[in-house]
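Got some structures for you, see below.
Two complexes come next, and they have one chain in common, chain A, joined by chain B in the first and chain C in the second.
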Partner chain A sequence: MSATVAPTPAVAEAPKAAPTSVPRADRRATRWLTWLFLAPTLLGLGLFTMVPILGSILLAFFRWDIITSPQFVGLANFAELATDPTVRVSFLNTFGFVIIAVTLQLAVALFLALLVQSRMPAWLRTFFRSAFFFPLILSAASVSLVMAYLFNAEFGLVNQVLAAVNLPEVGWLTTPAGAIAVVILVYVWQNFGFTFLLFVGGLASIPRDVYEASSIDGATGWKQFRAITLPLLSPTVLVASVMAIISALQIFDQPYVLTRGGPGDATRTAVMVIFESAFQQLEFGRASAIGIVLTLIIIGVTALQFRLSRRFVFYS
Partner chain B sequence: MTTATFPGVSTPPIRRNRERGGLGSAGKIVVMAVAAFLTLGPVVWTLWTSLTPLDAASGEPSLGLGAYADVFTQVDMWLLVWNSALVTGLCAAGQMITAAMAGYVFAKMEFRGKGLLFGLVLATMMVPMQVTIVPVFLLIRGMGLADTLLALIIPALPTAFGTFLMRQYFLGLPHELGEAAALDGAGPFRTFFSVFAPLAAPGLAIVGILAFNYHWNEFFRPLIMLISEQNFTLPLGLVTLQGNLGTGSVATVLAGVVLSMIPALVVFVIGNKPLREGLTAGSNK
Partner chain C sequence: MDLSRRAVLGLAGLGAVGTALSAPRLIASDIPGRGDDVLTVAILGNAQDAAARASLVAAFNEVHPDIGVRIMPIQGQDWGNFFAKILTLVAAGTPPDVVVVATEGAQLFADRLAHPLDDFVKRDAADLKDYFEDVNPSLIESFMYEGSLYQLPIDFNAANVYYSSSALENAGLERPPDDWNHEDFLRYARAMGGASTGSFLPFFWTNRLWGGVVPWLYVNDTSFLAETTAPGGDWLWDTFYPGESGRSGGYRWLEPNADDPRVFESFDYLRTIVAEGLGSSPAQGGGGELVARFAQGQIGMTPAGGFWVQGLAEGGMSPTDYDVSFFPQWRGQRHQFGAAGYAMMSTSERKDEAWEWIKFCTTREGMQLAFPTPNTTPVRRSMCNESLYGEIGPAHWKVFYDTLDTLPSGPIPAPPQQAAVETALIKNVVGAVTAGSDAGVRSALGTLQRDLALALRRSA
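Moving on, here comes the complex of A and B:
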């Protein structure tokens, strides 16, 4: 390959026969098909995603309540985000939520994905996989309705069980710490199955002979996990954590249904403030500014994670 | 795996993850059973509680379908189901059609600007819905569609992820199929409709099931786009019902939740594999 420098264009670039032999009417029909088939997707995404992104950026520089005419305010909406206590607390809540919920979600999913690899009857394995996956098909709003009853401080089943085993009852949705705990638990309950599926797929792609070789060398259990499983699984861990963080940053349904952001501002999240600013307080400019900041955070986290991964992730 | 590779030396069968000092096999199954109980427990509790409403006379729970009758009198369940079915059905069908068409073109056609356009389509996947929702709401309002089901359907007809998925699917189908059809005198449209589209049915099933799962359960967009109760979809209707009833009629609300789960459950059973594949498809691009 490297020895011959002289190119042989006649052989290398053999003309493709197909396009020239197509009749002219068909070529015109092909062009028609191309743009006709693309039109719904391109126009739809253009109108309902691209234009709104630009609109959002534009709106962020205005104060507008739909009724009176918009007023240019420069960067005032962004400056307000730093000073408004509700906005600040909602972002801090969101970060705290993401850190705890994503860590929990990854840990539970990895632990169960490792366990489900062990020897057991096939039907049992199918049952466990389906069980862990099941909450994903439910509506987060309906799940939150159910959980609001289960965690009800007065008559909820959770406190009944706690009382039955002589543990103190907890004001789950009525105290800040309790409400935060419930939102995290309900979110992780519904979403760990997704991460679990990713890990099961990642574990299945680790070649068996690597384990066999290390078993011969005397490595077992925890040592094997540290030396083989974790490094070889690290690309999956990266993808799973990026996806989990992006989706957790956008949490809305659970705190909205469970607590409406309360008690106080304890469970108010960034997206809840977007919703409230726009559709309850009619502050469309401020809502857009929060949305843009959230998007930049999502892009930043993703970029950071891929940068870090170059140092820690092992690609075989 | 071969045992006894070396003559005369029989190596014992090596098991992956042989536990030594860790949990035993039985212990692992117990731990997983507890996890499965915690996962399915709330669902079973929902079903059980919906079937044992409080008796009006005694105030004690008693087995019966009373809560299911109640939920139909407390709220127009049929209308909620109809609205949800309409939105979900049209979104799923629409996404299957638009994704099949655009995915096919991106996979099989050559034209100028293809790379750029496909890049733009993929880029829209990165944008969270919350950042576009305010302008989308304003657009919908401008189009006179506020508080209609079309407000949920029309913006959801194109799908970047579905287009990506279908492109991958069509790329996997051999190009020669189209050439063979062309030799038989089929035009580009016939080649698509009678050769490629039928072969892409499994990919389309994934797009359809994912769309069903998403739109049947979605809460954020309906909450913003819909105002009148007669336009509500199921999740929005149930949350409103809970707000109206307070804490007295747990069984009634849960009966509604159970009913809303049934279509999702059917899809879960018949579409388990495509659903799993589709959900994780984005992770191994």
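Moving on, here comes the complex of A and C:
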């Protein structure tokens, strides 16, 4: 049996709009206006972003202490990084921190977003949204100062509470494990709010009828989460993870205030070494070289994430 | 919206006029005093600290009405942070004329930023005779660098031991004698710890260059950097301290010394104190809670200098609540100190005016105006007196200056690469004093030795 398939009617071509002729003077004025409106932004970007970036790239090939004239040293600053134990440790610390902190940040934010999006009075939902976002608007330095008091080994509230319930006191900021844990805790506590809001928005955009249809098919709970929520939330997860990783790779405030990178080098991060090199040791070339390496790593990780996203991100 | 070319040009013109009118704000030239022909004096502090020097500036202007002075307060969490901001000013092309520099930055400034005062001091030797007679030579020597004098110190603080009177009394202890030693110190700490209840630490210390491990190294006749001295400076010693022998042209800290057995000995001693729960296990930096804890009786002993008297009074402590003694001796009893003074920037175009300011600040009148309360120790011994400390200070306030006059003393080790050196030190201290064994201490000191060598070599 053969079936005759009727030819698909060709889409009728829309009548071509008659070309409108814009007077040359008007076109020129529009161009002027465009550049006029763009000028402040371009000027700001140029002066405060592009010039420093270019200056930083240039500086990486010099030895400069602010006071004396810069000396061209070629790739020496980069070569020294490879053998510098502090730099190596700081990058390893940063990677370790990113893996743990970002995982925790995403997990906590997703868990709380799911809770808040579940059955809950509207006022309570609003309260939680505000409460979880609140730490983000605080100064990281202030938060870290308060946390340093709370986690003080001898007089801190946390150890006093532990002692009250007959648990051993912990050298929170004086042992490598304790210091790393506190830095991660403070960072995640302060930063999960933004990720949480992203997830709340993502969850709200998943159509209810998909869940209803899956319920009819017998899917509930974990199965729905795995088969519907996660795939449909995956674009949000991608954005959230990209932003979280970029931010975590640049961690500075919390370890600087809480531990100054110690004990030893346990909490010294890449940006801390940049700061110390430039503003304490007056080695601006070395600092710039580390900055460039970190920037390249951030670009590489972000590119990798987008490449991997082709496999894992589901755009409905 | 269609805009004519004329309108666009008009808008652009308006923008240009607006920018021109707001230019003084945009380039910050409307800040009072900026751009004026005045002597700019940078201090570590805030606007209140600058205001507190108004009387000093007024008194200076009575003597030098032709020299305008602008105090530029620069906030910083410590001296290193302050120096970084000064360097930023230098990089920006707006360096101050005069900067208050502490021992931590003395050699950095002398090496790269400051102008030697030798010619000025020689020229005005008669005016300065009274100052030098009143100031211990150790303080002067700490501001010599490669044979030249770069600063005239105005205040200092040595690390003495503050102790809580009640903690001492509860433990049935007498005031420690001047010649007590590190074993006595341990005995005192154990007795205080044994007699205490609740949250109490016999010894609290902070991990920083001043007052951290350095006092224990100095009394044990060692340091984490090898200390030598530069030749020169005879012009000063012969003129102002003719009876003084053995003075130099300044200190040199060129090599790491963390592998010295005495350094191990000192660190191991501190490890014992921490391991027994007698001393704090100091986080890096810290010390912010110290005044409150000491005032609340939660701390038995801690290293501090004359600067603490005012803070403790404000914290509610009466003079009988605490007292002060020398740091205990070990192989010796050399005390560490840090000092501060004004440095003249080599870039200054007002060097004569800067010198007049520096000179005025070393006069008795200048110092009395600068230090009306005991929140530091003035370098003039005649000013460390009953009127400064008698009312709110500890019973044995004379210890503050006697530390210099009766015992050997030296500045905290601060070569031009001080920031890198300090970072190397403090990051390895905690690992060493919290190590579980001798081997752990040796390992941490090995890392310290390596980090110090890198710091000294890289920034050289």
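The rule is short, and it goes like this: the second predicted complex is superposed on the first by the 279 of 316 C-alpha atoms of A that agree within 3 Å, B and C clash if a C-alpha of one lies under 4 Å from a C-alpha of the other, contacts with A are read in each partner's own complex, and residues count from 1 in each chain.
Basically, a contact is a pair of C-beta atoms (placed from the backbone, for glycine too) under 8 Å apart; a residue touches a chain by one contact, two chains touch by 3 or more.
It should be emphasised that the depicted structure is a prediction, and the values quoted were computed from it without experimental measurement.
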Go through the superposed model and pick first if A:33 touches only chain B, second if only chain C, both, or neither.
-> both
Any idea whether chain B or chain C touches more of chain A?
-> B
After lining up the shared chain so the two structures overlap, which partner does A:178 touch, if you call chain B first and chain C second: first, second, both or neither?
-> neither
Examine A:279 and indicate which partner it touches, taking first as chain B and second as chain C; both and neither are also allowed.
-> both
Taking the superposition as given, does A:65 touch the first partner, chain B, the second, chain C, both, or neither?
-> second
Scan A:152 for contacts with chain B and chain C and give back first, second, both or neither.
-> both
Which holds for A:259: it touches chain B only (first), chain C only (second), both, or neither?
-> second
Jot down the residues of chain A that show up as touching in both complexes, chain B in one and chain C in the other.
-> 25-26, 29, 32-33, 36, 66, 148-149, 152, 155, 279
Contact footprint of chain C on chain A as seen in their complex | 25-26, 28-29, 32-33, 36, 65-68, 80, 84-86, 148-149, 152-155, 160, 171, 173-175, 259-265, 268, 276, 279-283
Interface residues, chain B side, partner chain A - complex = 1, 14-23, 25, 28-29, 31-32, 35-36, 38-40, 42-43, 45-46, 49, 97-99, 101-102, 104-105, 109, 111, 117, 120-121, 124, 126-139, 154-155, 157-160, 163, 179, 182, 187-189, 192, 213, 216-220, 223-224, 234-236, 238-239, 242, 247, 250, 253-254, 257, 260-261, 264-265, 267-268, 272, 275-276, 279-280, 282-284
Partner chain A, residues of chain C touching it in the complex = 2-5, 8, 11-12, 80, 84, 87-88, 90-91, 112-113, 199, 201, 204, 207, 280-286, 288-289, 293, 298, 417, 419-420, 423, 426-428, 430-431, 434, 444, 447, 450-451, 454-455, 458-459
For the complex, which residues does chain A have touching chain B?
-> 18, 22, 25-26, 29-34, 36-38, 40-45, 47-53, 55-56, 59, 66, 108, 112, 114-120, 124, 127-128, 130-143, 145-150, 152, 155, 157, 189, 193-194, 197-198, 201, 208, 211-212, 215-216, 220-222, 224, 236, 239-240, 243, 246, 249-250, 252-253, 256-257, 271, 274-275, 278-279, 284, 287-288, 291-292, 294-295, 298-299
